[in-house]
Amino acid sequence: PALTHVRPDGAVLMVDVTDKPVTKRVAHARATLITRPDVIAMLMAGELPKGEALATARIAGIMGAKQTSSLIPLCHPLPLSGATIDFTASDDRVLIETMVKTTGVTGVEMEALTAASIAALTLYDMIKAVDKHASITGIEVVSKTGGKSGDWVRGDA
Amino acid sequence: PALTHVRPDGAVLMVDVTDKPVTKRVAHARATLITRPDVIAMLMAGELPKGEALATARIAGIMGAKQTSSLIPLCHPLPLSGATIDFTASDDRVLIETMVKTTGVTGVEMEALTAASIAALTLYDMIKAVDKHASITGIEVVSKTGGKSGDWVRGDA
Amino acid sequence: PALTHVRPDGAVLMVDVTDKPVTKRVAHARATLITRPDVIAMLMAGELPKGEALATARIAGIMGAKQTSSLIPLCHPLPLSGATIDFTASDDRVLIETMVKTTGVTGVEMEALTAASIAALTLYDMIKAVDKHASITGIEVVSKTGGKSGDWVRGDA
Amino acid sequence: PALTHVRPDGAVLMVDVTDKPVTKRVAHARATLITRPDVIAMLMAGELPKGEALATARIAGIMGAKQTSSLIPLCHPLPLSGATIDFTASDDRVLIETMVKTTGVTGVEMEALTAASIAALTLYDMIKAVDKHASITGIEVVSKTGGKSGDWVRGDA
Amino acid sequence: PALTHVRPDGAVLMVDVTDKPVTKRVAHARATLITRPDVIAMLMAGELPKGEALATARIAGIMGAKQTSSLIPLCHPLPLSGATIDFTASDDRVLIETMVKTTGVTGVEMEALTAASIAALTLYDMIKAVDKHASITGIEVVSKTGGKSGDWVRGDA
Amino acid sequence: PALTHVRPDGAVLMVDVTDKPVTKRVAHARATLITRPDVIAMLMAGELPKGEALATARIAGIMGAKQTSSLIPLCHPLPLSGATIDFTASDDRVLIETMVKTTGVTGVEMEALTAASIAALTLYDMIKAVDKHASITGIEVVSKTGGKSGDWVRGDA
């Protein structure tokens, strides 16, 4: 096998998907921001701060999903038909779970991963003054449906 | 302490940095793409494919660094004065190391982290057809210099 | 009733429109820039200045319509299939009327409103040196056709 | 007097500000979304929905401010050094007040107005399914400081 | 005949293509960067530099193609379904050939031309320190297929 | 000599300009659109069409200049302090002349060239329905001032 985005002569390209069928597609992805318990407490403290810190990351993630094809060079532009982002805080970390939908010729894994990454970076931006050691880990696709290759669920999901 | 980007009333804001001094600043960050050894072999096989797959991720990372303030809602726009991205492949993974410089009033950690994230997502995009289980991990700041808080190096760096 | 973009748990989302039918849709919107009669005279004086001041606002409005989904966080991206912007000057004001079309699953009210807003802001930008008191008012949808909710015309239109 | 952005031959231009001094500048602007009392109740109902609906508009406004020079054709790019957006709900309307700062050669009125407009459009987007008649009014500069023309406060502010 | 993007009253518009049929469309375009033989040698010297200098231009061209409708004011947004860029160096010049595909209601000539132009400008950017006299010439469409006007090949292609 | 944007190991980078002095810089560039005399007549026919066709290209060029660093991968972002675009029609062609200014650490040749290219492509877009054979040629820098390398004027300018 070979990389789909690289031609035999070594040049990259935006793969030709002109003849692929249009189907409904969904992808779920996730990322985890790791910090300290006291920082998690700050992120979650009070009704409004909680709403706005997480809301900021949520909005950034959704807007990031819509920018995927202008950020990832060989991605095809796709008309997203839905997107949600959920946060689950626990001890010293926040799990970010994204879901992106389209009706199109390619899958939306990259959009779901980009949403998770940008949401995680946005949370990082808000806590970096209190925790320089925070990190982001576990950016991965959880499941996908639609398209020729069919449904897929990560074994350890 | 409290989150710098959240006001006492809970609203987020773009923090006022009008009176901060302009200094030279550098930030190093990193990310790691984890896949399989045979996929690493494909990424690195042949002179040209290697050049273009990695070059694509490098370009995406540098361009992503320049888009940071339009991706991360509360980031200040900064005039980047330099950026490099390096890749080190080993067994089943690629380490992505970024360096970003500016002469400005805020640090460039977010730019370095965004560069690393977008470069990693771009590599992921090129291998996703051959490895659905790939993941991105270890997105973190390695060191920073410049600014009031002074130089900082990650303890485990 | 409740807001469509807010889930029961309070989180915002990009609403799932995957299963909505694709139909032809049109929206008309408007905005009004209020200034002084002598400023209107300047905007309209001479053939070329008139052409370029209004043309600049027209181009900005059309380009703004195409950026709607990257400006309004929860808007779905839509492939616009037509757009026009008209200006009517009278005494101390300019009426800006926009029309936007698409063939898609959601309406184009936001695109028509964004076009009107950006065109009005662009006119404001050109006159702000001579009239600090100018203001923009009456940004609203005038009519829409297409989609499940059917045709609609503002009562006072 | 004549329009600053239009040359004697009628062509528009990005005005030459190369020789203007760099000073600290602040601009306050506002906009008002007019809807119905029951819609205001929905926007404000519950802690979290309130947070996220308003937070979404706030984030959109701040991000919009940063995009001003790519939306308004003849605006100069400016490095924003701070931005806040406040909402005040009353009966059938929401007042949106914005503040933008920079250290630069031109004022930030357009950025403050763009922030107010995009925040208002984002609120409109969230309520349009329940109120087609909503409108946006009163987009105007409230005050500005810095620059050669000095401080200015709207008479009726 | 008259210009399609200009109404009888002289105003420009985004032409209404709502009722045009969706067909598969392809466009080929080209551009030529003219410099000196020793500069061509630098661009092509060594495996990796060659890969990355050309790869950088290739990525820029593909990403530029995806930005066409936000760069060219009256262009309709189109979902690109494929794009390739090829370089042929000879003596004192590099020929840049682009191919863009879509399934849509308008042609992709502008996307293919934009890809060629941005790729050429990117090469220029990399050589400008060693050749101030470099220039870009011969930006033109080579052929197109699909759409009502049918297939077309430049006579001198 | 070697290419400034390519490291000894072959990787491209955004060159470090942190220590370059900030100076006032100007660049003039040009491009030529070649078509047929009857098409030039259409572009120039009537006061308003002339205004809006050329104005559209002028606006696109100015806005393109501001997007240069997000289009050309290794370009540094620069705060443009002025930009003009002029058109001279003659027989079968339109000469596009651009001028861009900044106060910054790098030159603005790329911005002036990008403005000329995007303006030319925008004119092309408006005439492509009546002249498929149109082409763009002679994209080149005419002169530059400011910076360490000093003033420079193209010999044949």
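Here the chain labels run A, B, C, D, E and F in written order, and each chain numbers its own residues starting at 1.
Simple rule for what comes next: a residue touches a chain if its C-beta (ideal position, glycine included) is under 8 Å from a C-beta of that chain, and two chains touch if they have at least 3 such contacts.
Given the structure is predicted, the values throughout are model-derived calculations rather than measurements.
Across the two interfaces under comparison, B-F and C-F, the one joined by more C-beta contacts turns out to be B-F. One of E-F, A-B or B-D repeats the interface of D-F: more than half of the contact pairs, counted by residue number, are shared by B-D.
Distance from the chain A centre to the chain C centre is 31 Å, each centre being the mean of its Cα atoms. Centre-to-centre separation of chain A and chain F, using mean CA positions: 37 Å. Taken residue by residue, chain D touches two or more other chains at 10-12, 47-48, 51-52, 55-56, 58-60, 63, 67, 73-74, 79, whereas all remaining positions touch fewer.
Taken together, the chain E residues at the contact with chain C in this complex read 7, 10-18, 69-70, 73-74, 76-79, 104-105. Listed in rising order, the residues of chain B touching chain E in the complex are 47-48, 50-52, 55-56, 58-60, 63. Within the complex formed with chain C, the residues of chain D that make contact are 1-6, 9-12, 42-43, 46-49, 51-53, 56, 59-60, 63-64, 67, 71-75, 109-110, 113-114, 117-118, 120-122, 124-130, 132-141, 152, 154-155.
Taken together, the chain E residues at the contact with chain A in this complex read 24, 51, 55, 58-59, 62-63, 66-67, 79-86, 101-103.
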